[in-house]
Structure formats: C-alpha cells, structure tokens
Amino acid sequence: MANVELKRIDEEVLQSLGRPSPRYAAVMALCALLMAAGLTAYMFQYYLGMGVTGLSVPVGWATYITNFVWWIGIAHAGTLISAILFLFRAKWRNRINRAAEAMTIFAIMTAGLFPLVHLGRVWVFFWILPYPNWRHTWPNFKSPLVWDVIAVTTYLTVSTLFFYLGLLPDIAAARDRTEPGVRKRLYTFAALGWTGKYDEWRHYARTYLALAALVTPLVISVHSVVSWDFAMALVKGWHTTIFAPYFVAGAIHSGLATVIILLIPLRKALRLERVFTLYYFEQMALLMILTGSIIAYSYGVEAFMSWYSADVFERQFSAFRAFHSPYTPWFWFMVVGNCVVPLTFFWKNARTNWAWLLIASIIVDAAMWFERLVIIAGSLIHDYLPSEWGWYVPRLPEVLMTCFALGFFTFAFLTFVKLFPSAALSEMKHDALEREEERI
Amino acid sequence: MPRWLFFVSTAAVIAGAIGLGAAFATRPNEGWLWLVVNFVLFWGIASGMLAWAAAFRVAQATWTPVINRFAHSAVRTAPLLFIVLIILIAGLRGYVPWIEHPAKGKEAWLSVPAFAVREIIAALLFWGMSWLLVRWSLAVDAKPDVPDADARRLNGVAVVVVVVFALTSSIVAWDFVMSLAPEWVSTVFSAYYFCTNLYAGMAVLVLIAAALRKPLGLEDRLKPHHFHDMGNLLLAFSLFNMGLFFAQYVTIWYENLPDEVWFLILRYDKGIWPPISWTSFILGYSIPFLLLQSRMIKLSSKLLSMVAVMVLVGVGVERYILVVPSLTPAHLVISPVGALSVLGFAGMFVVSIGWFLSRYSPISSADEVLEK
Amino acid sequence: MAFTRREFLRGIGLAAGGVAIPSVAYDRLIPYLNQPEDIVPGVSTWFATSCRECPAGCGMVVRNRESRVVKCEGNPLHPFSRGKLCPRGQAAPQGLYDPDRIRQPLRRSELGKLEPVSWDSALSELGDMLARKPRVAVMTDLQTGTLDALMRAWLAALGSDRLITYEPISYEHVKDTNGGLIPTYEIAKSDFLISFACDFLETWVSPIEYAIEFAKMREIRDGKRAGFVYVGPRVSMTAANADVRLMVSPDVIEQIATAFLEGTLERDARKYGIDPDSAKAATDGFAAAKRPLALPGLAANTCCGTAIFNARRDTGLVNRSRRHALSYVSSAADVDSFTRDTESGVIGALVIHNANPVYAMPQSERFTEALKRVPVVISLSSHLDETTAMAGWVLPSNTPLESWGDYAPYPDVVNLMQPAMGTLFDTRQAGDTLLALARAAGVNTKQSFKADTFVEYLRTRWSLAGEPWQELLQRGGKFAGAPAGLTATPITGYNTLGDPPVDRRAASLPGSTADPHFHTAAPSIYSLRLWAFPDSYLYDGRGANKWWLQETPEPVVKGVWGSWAEIHPSTAAKLGVSTNDCVKIENGGASVSVPVYVWNGVKPGTIAIPMGEGHTDYGQFARGVGVNIWPLLTEDVPLVNVTPGGGTQWVARIRGSTDQSHRAIVQTASLGENWSREKPIIMPLPSGYGKRDFYPGNKYKKHRWAMVVDLDRCIGCHACVTACYAENNLGMVGAEGVFRRREMSWIRIDRYVFDSAGHGYDIPERRGDAGSSLGRLLFQPMLCQQCDAAPCEPVCPVFAASHSEEGLNMQVYNRCVGTRYCSNNCPYKVRRFNWWDYKWPEPLNWQLNPDVTVRCRGVMEKCTFCVQRIRQAEITALREQREVMDGEITPACVQTCPTGVFTFGDLMDKNSRVSSIIETDPRAYQVLAELNTKPAVIYLKKVI
Amino acid sequence: MTRIRGVFDDWDAFKDALRTLKQARGSGYTAYGPVNLNEVQDLMPEKSSYVRGWSTLGAASGLATFFLMCVLTSMIFDLVVGGKPPVSRVPYVIPTYEGTILFGAIFAFVAGLIYAWVGLRPLPAGYDARFSGDAFGVEITCDPAEREAMSGLLRDSGAVEVYEL
C-alpha cells in the first residue's frame, strides 16, 4: 500500500521541523558568538586598514582568499550531487540533495564575503561590477577578478533558483501539514500556491531538467574561473595549465567531505537516521576516492612537469615547497590528507564506520584548506627576486574572520533545516513508489 | 562480422601498407610522421574504449553489458599497436628533434634508452591489465552465474585499468607529442590527451553499436535510450574537452611566456596551420556539442553515428595537428600517402575488433547481472 | 661641465637674497590678496645654500613652493658636490620641519622643567648675568668663517677665549698623522686604492665628493680600471665596493700596511687571518700599481698604517695644502682640558651651539657630570637634544635652511647660506642671539662688531673682501680660490691652562700594543673588539630625528630604526646566540643590551655596532630607538665584555635572501674580456613583439620613457631612495612596518652575493648567511621596470593599473580598489600598498610635494618615473614651442645619484642617450627577460 | 460543466483510473499527486511544454548580451593592458559563457513558473491538502449529464472518496 509508505516519509521528515532542542539552540548561540567576534575584527580592519592583517608586499593574498576558494569549493558538492548525479540518474542522490543544495547556497554566500573583506577599499567594491555610469568607466573584463564576480554571482543565482524549484513541492507538503500560524503563512507564501496538479508537474519537470542541464557546466566552470585567479598570474606555483580541472576536483572533494560532516550530526539531531542511511554516505565516500585520485594525479603531474620543464624557477620552487618552505609540513599534510586518506574508503569497513567517515572527512576538509593556503601564500613567499622573499603568518583578524565564516555558515544551515524539510520529500516518495513497482 | 566490411577493411589495410611503404621509400621523415600520427590516434581510441569498459565496471553501471563487450574488443588491437610502438622506438632518430640537439636540462628524461624503457613498460602494463580485464570478463560468460569472487576480481582489475590508463596515456602524450617540441610544457596536456581519448573511444563504441545492432540481433539489448545515454556522454565530453582546451589556451595566452606560447601560436594563432587546427576543433568538438543538444539525434542510432564519425574525423585531424607542426613548422604535410596510411590503420582496427566480436558473445554476463 | 637650461636656473637661486619670505600655513587655497613679489603660485623658487647636515659642506639648492621648503637637491655649480646630495642632505627638510623642534625660548624653572619664556625677559636676565663677567665659554659644532669669527669676537668682547669646536667624530688620528690637518686624498688620480677601514663612500670626511671621485677613478679606460682594496673588520658599504676585501681583525691593520709594502702579505696571509687568494689578488694589484694611495679610517692604527703606506709610496696624491675644515675641530686634548676646567668650576657660563656632547662623547658621563657644575648653560640648538635638555636656558636657533651664513669646507670652497624660507617658529639666528646677548650685557655691538644683526655682520665681512654679494649668493658661494680675508683662519687648539699636548696615539694603538697573533689565539668569547662605525645616515647621531634617515636601510645589513650588533657565525656559536638574541655589552662602566645580527660580513672576534641611535631625547623619531654606544668608546676599538642573554628583540631589517640562486638577476662581465650580449634586448616598443608573441603590444605616439641603470657605477649609497621619499611623499611605516615587509620605498637597493652557492631556498633569518666570509656584494637599484607587457596591468579588475601612451605603467590611485593582485603578479615586487593611512605629524606635512598626491589607505602605489617632472618638462617645452630635450627630464633618483648610475630618456628618440646606450653597450641586459615582460629599465652588467 | 474529483490512496488504482480515462475520453481530465512520474505524465492528455525553448532563447540572449558588453565597453574604454589588445576575444569567452548560463537559467525558471501557473495566488477553491501528502486525485470536467457515469468510473477504479466541486 503506497500511501502508508508516503505517510511515513512525510512524518519522518516533517517531524524534524519541530522546536529545536536546547543543545541545538546552544550550537546556534555558539555560531552567533563566532559571528560577533568576526564582525568586531572586521570593524577594526575597516577603520584602521589592511595593516591589521598579516599580509605584506610579497604576500598580497592569503587567508581571506584561501577562505574564498575553499568555501566556493565546498559549494560545488551540492550542485554536483543535485544536478550532475540527477543527470546520471544516480538514485542515491535523492535524499541528500536537499541538504547538499542548501549547503551550496550558504557556502557561496560565505565565500562571497571574502573578496569584499580582502579589498583595500571595500567601500568602492562596486567599481568591479559592470554598471553604466556617468564616468564612462567600466571594469576590465580581461581581469580574472571580474570573471570571478560574474561567475560567482551567476553561480549563486542559478543554484538558488534550482534549489527553490526543488523545494517548491515540499514546501507545499509542509504547508498542508502545519497548524495555522506564522510558519503556515510562511509556507503558504513560499509554496506559490502549488497544488500538485499534473500540469504543474509537467512544466516543473522540464524546468528542473533544464536547470540541471545548465547548472552542470556552470559548476565546472565556476571553480575553473576561481582557479584562473592564480593560473593567469605568472607566480611560480600559480601559473600552470592544469589548475582548472585540478581545482574543480578539489572543490568537489572537499564538498563531499563537508556534506558528510554536516549530515552525520544532523541525522542524529533531527532523528533522521532512517532517512540518511549509511548507504548514502558510502556512495559519497566512494566518489571521494575518485576526486582524491584526480587530485593526486594533478599533484604528480605538477611536480613532474616542474622538473621536466628544466626551468630554474620551476625546479627551485617545487623543491622549496616540498622541502624548505615554512609551509612544508602543511604541504605534506595536504598531500596525505587529500590523496591517501580517501583511499581508505576502498575498505568496506572503513567507509561504513561512522566515526572514521567523520574523521576522514574532517581531515580532507582541513587538508583542502591548507592546500589552498600552501598554493596561495606558499607561492607568493618565494617568487622571482630572492631579495623580496618573505613569509606569512595569519593574524588575529584573519583568524576571527575565518571563524565568522564557519559560524555564519553553520548558523544559516541550522536555521534552514529547522525551517524547511531537509530531505527531498517528493523525490523520496518518487523512489518509494518506484521501489514498489519493482516489488510487483 | 559482415563479409563486405571484412573485404573493405582488408583492402584498406593493403592500401595503407602501400601508402606507408611509398612514403618511407620516397620521404622517410614524412613516413615516420604519419606513423606517429596514426599511433597517437589509434592508441588513443583503443585505450579509450577499454577505459570505458573498466569505468563502467567500476561505476557498476547497469545499462552497459553490451557496450562493455564492444569496448573489450579493442584489446585485440594490442599486437598491432605494440609492433608499431617497437618500430617507432627503433626509428626514434628519424623524427625526434632532441637527439641531435639535446634539450638543456632534460637529457635525463629525453634520452633513447629512457624513452624506450618507459614506453615498453607502459604498453605492457596497460595492455596486460586490459587483457586480464577482458579475459576475466569472458571467463564469467562461460559460467551459469557470476560467482562473487569473479565479480570482485573483475572490479579490482577494472580499477587498476582505469588508473593505468590515465598514467600510460599521459606518458604517450609526453613522449609522442610534447617531446617533439622539447621546450614546451603544459601540465594539463596529458589530461587533455586521455580525456579526448575517452571521447573518441565513446564515438567508436557508438559506431560499433549502431553497426552491429541488427547483424547481431541486439535490438532489444540496445534500445534508443542506450544511444541517448551514449550521446549524452559524448555531449558531456565534448564540452569538458573544450573546457580543458580552453583552460590550456587561456592560461598560456594570458602570460605570453616564450617557452609556452610557441606551441600554441604555431598551431592556433599565426602561420599556415591555424585554419586546419580550428577546423578540427570545430568539427570535432563544437559542432557535435551543438548537435547533441537535440534529444532526437541522440535517440537515433543513425544520426548519432554520423555525429560520431564527425567526432572521429575531428579528433583525427587534431592528432595530426598535435604532432606534425612541431616537426615541420613551416610547411604543410598533406599527401594521399598520409590519408592512405590512416585508412590502413582504420582497416587493421576494424579487422581486429571484428575478429574479436565474431569470436565472443556480444553480451558480458558479468555486467548483465548488474541490470537485475 | 655642460648645463641644461633647467639645471642652470636652479643654480642661480632665483631669489636674490635679502627678502625674508613669510611662511604662511594655509588650510585652504586662497589666492593672494597682494602677491609677494617673488612668489608665483605653482611655480617653485630655488635657493642656493650650503648643506650643513654633516661637516662635508656640499652645495645645495632648496626648492621653495608657496614659501615652503619642499625639497633639497645638490647645487650643480658646486665644485665638489656637483649637484649631488647624499641621503643626509636630502633629509635636511625633515630637520627643518621636525615636529619636536624647539618653538620658542625656554628656561629651567625651580621645578627643573624647561618652560617657555619670552625673548626679551630671557635676554635681559642673561644680559645681567653676563654683565657680571663670569668666565664664558662657547661650545659649538664645526663652524668656519663668519659665525666662527663672530663667536670668537663675542667671547673676546666678554673677556674670554674659550671656544670649543666639538665634533664627536674628530678624525683625530688622521690629523695626528698628517701634521695636524686633514688633507685631500686625490683618489681620482690614483690607480690603486687601499682603504684601511676608511668608509669614504658613506660617512668619512666628505662622502659625496669622494663618491664622485671614486666613480671617476673606477672608470674603465682601455680595458683597465684602478684597483680598490679594503682592509677592515667589517663589510661596510665601501668595503662592498672593493675588488678585494681583506677581512682582518682591527688590531692588525697597521701590520697589513707594512706587510703590503714589504710584500710579505701573501706569505703571512694565514697569520693575519685572511685567505691567501685575496691576499695574492691584493698584492698583485699593488705590485702592478704606479700611483697607489691609502686612505685612513677613524681608528688610530688605520691612520698609522695609512701614514706609513703613503709615506713609503709617496705619489703626491695626499694634498695637504687643501685641508678640510674638519682640521679645525678642537682636538681631544682640548676637549679634555675643557672638561677638566668645567669640572673645576672655572666656567661660569657656557653657550652650547648644536654640539651634543652629552650624547656623543666617549665616556660622556664624565662631561655630563662636569656640565652640571656650570652655573649657567645656554643652548642655542634648534632641537631638544640631550645636551640642550640639560641646559638652563634654551635660545633656539634657526635651522640651517632658515639661516644666513657661510661655510668653507675647503680653503678654496666657501659656501654661502641663505634662508630658503621664513623662520618657522619663534627662533633666531644663532649669530643674532649672540649679538643680542652681548648688547644685553652692555656691549656696544655697533662698535665691537660693526653690526647689530648677523646678516649685517656677514655682509660687511664679505663686502670688506670686495665680493660681488648678489652674484655669489646666487651661485651659492665663492668657489674658485678664496681671496684673502675670507679664508677660515686655522685654529690649533687652546691650552690656556698650559698643559702639554698629550700624544694619544701611544695610548690608543691596540695594533701596536696587542700581540699580532691576537686573532689566531681567539679572545675569550666574552671579550670582543667593539667596532663602532658611524651610521651611514645618522652619522654620529645627529640624523636620528629624521625618519627618512631612520627608515632608509643601512646599505649592507639593511637595518632600519634601531641598533644591532653584527657578529660572525663562529663568534655567535661561541657565544651561543643567534640573530635577534640580545647580548649585554660592557665597557668602561657603561653597558648596553642590543640584539645581534649573525652573518659573515664581519671578522670573527669583532662585534660591529652602528653609532647614532639610543637617544634619550631629540624628538619622537629618535627617542628610545636602539642603543647609544658612545659611552662604551674608551678608545677607538675597545675590548668589550659581551654577555649573552637579555631576551630576544627583532632586528628591524628589510629581509630577503642575498643569494641569487642561479637566477642571473645581477649579471656580471669580467674586466679585460671582450663583452657580448647573450640575449638581445627585447625592446619595450612595438618592435619588441614578434611572431612568438600572442599580441601586438602598445602603440606610442611621441615618447616612450625608459631608463638605463649602470650596475657597475652603483655603490649602494641609497641617495636615490631618500630622494624618492622626499619627492614622492612616501609614507613612514616604522620599525614594525619594515619588519612586516611593508616599507613604502618605490626604489630599493637589492644586494646579492656574487659567488653565492645557489642554495637560496630560505631567508637569512633561518640560514644566517653562513660561510666563513661574505662574498662580494652586488648592489642593484630595483624600481618599477615600466614593462611594456606588464603582468600587473591586465589583472586589475578596474583598470587602475594601465598603460600610458608614453609607456608608463600608470597607477590610478583614485580608481584603485586595493585587490593587491597587481603586486602579487609583479615579478619585481616593486609595488607598494598603503596598509594604513600614513601620517605626517605637523609640520612635517608642510614638506609634502604639492605636485604629488598623498595616497590614502587601501590603494597600491609605485614608481612613476617622477611623472610630475616629466609633465613639467613637457609643459615647459610646449610653452617654448619645442621638443623636450634629451636629458631635460631628471627623476629624483637620477638627479641625486652621485656616481651617475641612472640615465633617463626617450626610446622613441633614436638619438637619445638611453637609445644609444641600449643600442651599443654590450653590457646591457634586462632583469628576468625570460618572462617576456619587456621591461623598460635596462641594466648594464656589473664589471668584476 | 461540473468537476468531479476522486481521491485515491492506492497508487495502482490511481493509474488504472487514468488509463481508463485516457481510453474513454482522452481529454477533459487531470490529476493531482505528491510526486511526478513519467508513466503518469504519459497518461495525461496534455504533454507539450515550451520551457526548454525559452531556456534556449535565454541562453542565446545571454551569450549575445555578455559578449557585446565585453566588446563594446572595451571599445569605449580602450586601454591596452599588459600589451593585450583592448578587445581581446580569448578572455571574453569566460564572461560570455557565464552570461549564457545565467540568462538561460533565469528564462527557464520564469517560463516554468508562468507555464505551471504557479503564482502568488490563494489556493483554488476545493484544493485537497491530501494531494501534497500521500493521496492522489483524479479530476474530471464533464457536463452534468455524465456526472453519475464518471463518479461511477472513479469509484470502480478504486477511489476511496469521490466528490463534486
């Protein structure tokens, strides 16, 4: 009997929208605290100048840009899971895509902050945007930073549309299962009067398909563009052609890890154990083996090519990065964390062990963050003229802004899962019915 | 396989042999040139096909038992490619520039023994592993059901094949393309080479599927949606490869470093080659990308195989463009001889996979179980 | 000597003297109600005067805009400084605008605080005091000519003759070994120069003059050039320029001299602790030399060595007839006896003018104690230095830039001084103060001085000598052979108490007393030779109140804002300290704690510390920075006790590796070979783009500015750096800023070790530049290369960095949003970012060049080739309806460089000097040419 | 014309109803449900949707817009940076690409909303909340004469409840 199954799904998912537990609230309060700290730090930076950071003349970019790249990367997994796997008709995506997409949106928002934070004169940031003005001045469309702006805003817009579209029927479901009140009014508004009529469904399906088909090439391009911030420059360690695929793989890698990190506590907190079952985590773990090995390939090729090039700068730089740099430990940490740790998922009992899943994912995320730092700051400290070699150590404002990012992201995510169904109801029902088909 | 096809391809082989012979007799360096082009092209296609088989196996794809077996057939081209490789190694002196003018600082890597050793190891490794994959897959056919052990070892070797494929293709790319322009360096190039190989490999699979659907009576096994999926893979890879191409192009364009730019300027910016290069690019990637937008084309085996042919021509010309200008920057090398040689290789290719497919069941039962 | 029109205009200080220009402080631009006769808004006026930042007395022209001094440059008419200035000269305006200048007369209250007092009451009170005829004495810094004469006349009028001309660095031993005077060493004529620890390119006697002469001497004539050997314990800037550097312990320098003459140097190389190869090289050079010449340093034995050397190989290059004014400084003996008198309380009233013995005197505390026993101490200094801080009365004088006067560095060179702007504060000419005091004491000045004001006194003095006053004033002085009556009368010290002159040589010749094997038997690790050297910019400490000088990095160690002790790694190992660890240094009852900088640029067993820091007073930039080592100097090179410990303290240095790591950044050509270019120059013009370029490059209509930098001429003196600070309103980042790599200098002098092993993976902090002795240093001025295919430009999202149609990389400050991408992508790292809003405390902001924007926080800035000067020249040319002449445009760095490293010009003009050099000179190359950025700054290889 | 609606809690019954309706009438009916399945879509009278066309149109316009923006602005503001020509095609590929996707997506979304007639409107009278949860509904629009037949048809195919709006 189908409807039993469907009812169960509704109940299971919608119960998670109940009033948050004290512990849940506490976590959110902590996030708020982090945000407050970060904002305070930023105020100082705003009023005093970039001098409060640890930046210098050889190292113009470091923690802020690292955060930017890292968060954008996090965002990618969401789109991958919801769009690419949708196109590949990988069934297993259907439960986690909602959470993943939410993660995408908030991650992009978080990432979007940092290009602003790192500007010397943030109050005129809008000069980077192409808008008609009486000065007849325009941004430089040859600059990777302008590409960034365009790519990231596009990404945010499109993935938000995609996300909202997916959410629509579920909001309707929620609407019809809440007692009158603020929530109900919110849902009624947000559901745009969805009735579940099959004419609506028809157009809905086409739109969803169209957006999925568009967002897939987009997600590949966005992190390529981000990687070109560096590949376009002639700094050794930045200027290399493999960056685009390499960064995309890295992005998805860290993104998957983040989904795991988010969902493992979430399924407990929201009592969704029967929704987010181990199976889905296994699939993501397996995917991480792939992304991890792409990254490994890139590391290898980069190192080999710098030797093969027989270019004094290239060779010295890669030797420096691997053996002499202040970041050397982090370099090796990133190599192990990104390439070796995921390989453990070849073993079933590694990828089916909750604890290890969590730990491994945290390692991968950390490693990916340090990869960005090693690439960005680690290359700048050692460029062409030895007289200008420098070093970089983050200072308090940068640390606090990083905390702010974490706080903001978590806060937004936790708010979301309490506000909207955190698993795709209609998709799950869809699967339920199809499974039924098979049984018959 | 159908007799006509057999005869046609044998004819092609003979023609190609004559062509190459003539080339070597008259202008040896040109002969070498064509040999390299063909090697790079057909090694790519064959390894690409096998990589698909392995990849589908790794991904536990549920729709590909037939396609996998078609892909397996590429393993039969190993002997041909191996012989050509040996000839090429033997004749290195005839075409690589870095023997008379050693590249400064690269002597260790660009030396005849090193070259020979790594190439032979690469070939043995890749073809050996693929052979295992095919053999174990065939072994399963014999059995009534699929024992877990067999399935597991098949998955294992599939993973290995995928990895080995990436590495060996990279080595081929470095040795037979990059080393011909010794000063040039591009990290993404090897990846570009094997991604385009997957692309071409899928194109060939489409052709085989379209060609053998009726003769082997696989109508119920190869439904339109199979072609639709293959079409989508072609679509995805056409875009992805264009992306890789652009990533390399824009990066090098932007900083304009003397060591990097020459390779691209010669082919895509100044001189006699750009028209050909861009044609191959548009024919091989852009047009397929646009055509494959249409569901209708993807669903029809005929239309799709036309696109596949277009892809193969484009990729073929691109291989030519990757190899030839490095050796003769100033003048075009276009001759019937060349065309014939390609024809010949194509013939050999068809014969070998035809031989394979006429030998074994077109359905890999190891993958078939996944459908259930 | 050819002039361009512009230079000539500068030379003749347009303002014929006499007019005191009112100094107005505007906060907004208001047109003049009634225009002062010689001020045209927006047009600068140039005043010729004399530089008084050190006793060298270079000629200087001062740029005045709207009645404010904004820049000092060399006076091109001046016979020996030839239009060049050193960093100290460049920094003169900062003395004038020092925010901590004394702004009105002060007197010490009962509570012992200095409190403002009006001139009148001060004068009347002091007048009464003087009228009571106490034993009066005057202690001044080196003065010649009029002021000197006035002082002595003034003393006479008050019935005394105690005039002490006190210079902390008195070149005592140079005088002692040259019959009581400081001769002119004609190094340009010599073909083999040995410097016995004589840093004549930085601080010694007359650095600009000697730098110019040095450049002349080092010119390559038919494949040969005069050799230069440096003998000394530390790699000073001068040493860095030597062909051969003999690193020896300070004690054996004299033996080295004799060894040279006896040709035993090579044999005994080991004994002296120098490596035989360099010994051989030196000996050979000497053997081949026809006209060798030795230069004495400050320490006694260096002078003795030099004396012996020059006596034995007398080539007539020591010109004793042309004595330097420093000869007239009171001898140590005089100072000694004066101190004794002061102690005995004979001195009733002491007038101190600009001398700062309390800070800068060996074992100064003795003098300090003595000073306390003088009933009335009147200071005429402009700055509240340590001595002034002890005075009972402060009657502040004008700074030299506000003063009248004359100064005669040599008998044949008499500089005239005129105020370049009106007095800034309620201060007076020292001479006027003296006259006023005399008057107040009841002396009839009209009678006894023939003048009531100092100007009057000065003019009478000159007109008596029948000199064309106006003309001389415009030329900046009397330069050809001084006529009678104007020669500064020699002063040979006073011994009024009649005790015989003491020969301090015997006392202070460690070389002769100490055992010659001293260095081999290493001294106890706790007792090292203290090698105190005058800081390149602070000199004896008088520059410490000018932040330009504090922030200009010491040429070799690159230290700024503070003191450090250089020790050799082996010594460091013995002491168990590493860079940034503090050590305690004790001698003669005094002690300082200073962080060490470990490197191999100094002899083992020696600890080298720059003088000039560690002021307890003297303004916000000087106070509490570094340590003062004067009290430790019981002798020239004392043995001091060094104890490790005392925590760590970062040595504020501009860090970065000195190791080229095989990157061919400073390229060298060896002497005597015939040179050729390995790589063609990639011209920063459309012609520089070929079929191996992806894009066509820029089109230029009229000009394409470019610069040639001759590395062979660069001595690393940093005059260009300070000039850039002065011209372009660069901000002050302070010690922390420099430590964080945020210095703002648009042009910097990189230095690399010539024979570096290439293990250049890390920064010296973690490698300590190991190796027994430092290789040869190569200096390289690094400024924006104005690349034609500039990596910094395309990455800017808002076109703030773009290319001008005259080839400059423009940085549009107003448009910059501060992404710092351009800096990341600049392979030369010459872009500077405004990390904060940099402040110019009142009245330092008066010095800001009105032609250059002051950048706000958050924007990127960089060298502009002094675009304001380019525009100026273009406008002038336009007004005169002609083309801009080659050489008409001189950026600040080009203008001040004493050795003529830079050539600036237009590449579109095929006949310009830059074009012809680039065309012809085989040494031309581009830094990092392989990056294809097509830089417009072409370097000429260093000749080794 | 009246509208009769049958509520199904059984999935197969729902499909049967639709099948019969498709054979019987071929049009004049519609369905409600919490999920979208192709097989249900196949049973629906109406199949076409132009969303994709709109999206393509949007993509095309985005391509044009962004490429022109790059080219024209750099013609207005023609500065040579790093020696690169003011209008250089290679880098402009990137904004163009992003713009294509941006407009394509926006068009698709808007078109989708408009077609599906989802709008900020109160729910239609007689909207049945069950259809967003676990129940399916079939709604037939017929003239009052057929009322009985239709409701019978629905009941026979297993509707748990049949009512008229």
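A, B, C and D label the chains in the order they appear, each numbered from 1.
Note that in this section a residue touches a chain if its C-beta (ideal position, glycine included) is under 8 Å from a C-beta of that chain, and two chains touch if they have at least 3 such contacts.
Note that the structure is predicted; figures quoted are calculated from it, not measured.
Engineer: Give me the ID of the chain with the smallest distance between its Cα centroid and the all-protein Cα centroid.
Structural biologist: Of all chains shown, the one whose C-alpha centre lies nearest the global C-alpha mean is A.
Engineer: Looking at chain pairs B-D and B-C, which one is connected by more C-beta pairs in contact?
Structural biologist: Of B-D and B-C, it is B-C that has more C-beta pairs in contact.
Engineer: What is the distance, in whole Å, between the centres of subunit B and subunit D, each centre taken as the mean of its C-alpha atoms?
Structural biologist: 42
Engineer: Could you work out how far the Cα centre of subunit B sits from that of subunit C, in whole Å?
Structural biologist: That pair's centroid distance is 71 Å.
Engineer: Please tell me the distance, in whole Å, between the geometric centres of subunit A and subunit B computed from their C-alpha atoms.
Structural biologist: Result: the chain centres lie 35 Å from each other.
Engineer: Averaging only over C-alpha atoms, locate the centres of subunit C and subunit D and give their separation in whole Å.
Structural biologist: Chain centroid spacing, subunit C to subunit D, equals 81 Å.
Engineer: Can you list every residue of subunit C that touches 2 or more other chains, as numbers and ranges?
Structural biologist: 693, 695, 789, 791, 794, 796, 799, 931
Engineer: Two or more other chains touching the same residue: where does that happen in subunit B?
Structural biologist: 250, 253-257, 259
Engineer: Please list all residues of subunit D that touch 2 or more other chains.
Structural biologist: Within subunit D, the residues that touch at least two other chains are 77, 79, 81, 83-84, 88, 91, 94.
Engineer: Residues of subunit B touching subunit C in their complex?
Structural biologist: 253-259, 261-262, 264-265, 269-271
Engineer: Show me the residue ranges of subunit D that touch subunit A in the complex, using the header's touch definition.
Structural biologist: 9-11, 30-37, 40-41, 44, 46-47, 49, 51-52, 55, 59, 66, 69-70, 73-74, 76-77, 79, 81, 84, 88, 91-92, 94-95, 97-99, 101-102, 104-106, 108-109, 111-113, 115-124, 127, 129-135
Engineer: Enumerate the contact residues on subunit A facing subunit D in the complex.
Structural biologist: Those in contact with subunit D are residues 1-4, 6-7, 10, 130, 136-142, 146-147, 150-151, 153-154, 157-158, 161-162, 165, 168-169, 172-173, 175-177, 188-189, 192-207, 209-211, 214-215, 217-218, 221, 225, 228, 425-426, 429-430, 433-434, 436.
Engineer: Give every residue of subunit D touching subunit B within the complex, in rising order.
Structural biologist: 83, 90-91, 93-94
Engineer: Can you tell me which positions in subunit A touch subunit C when the two form their complex?
Structural biologist: 48-51, 54-61, 118-121, 124-125, 127-128, 137-140, 142-146, 149, 229, 232-235, 312-313, 316, 319-320, 323-325, 380, 382-391
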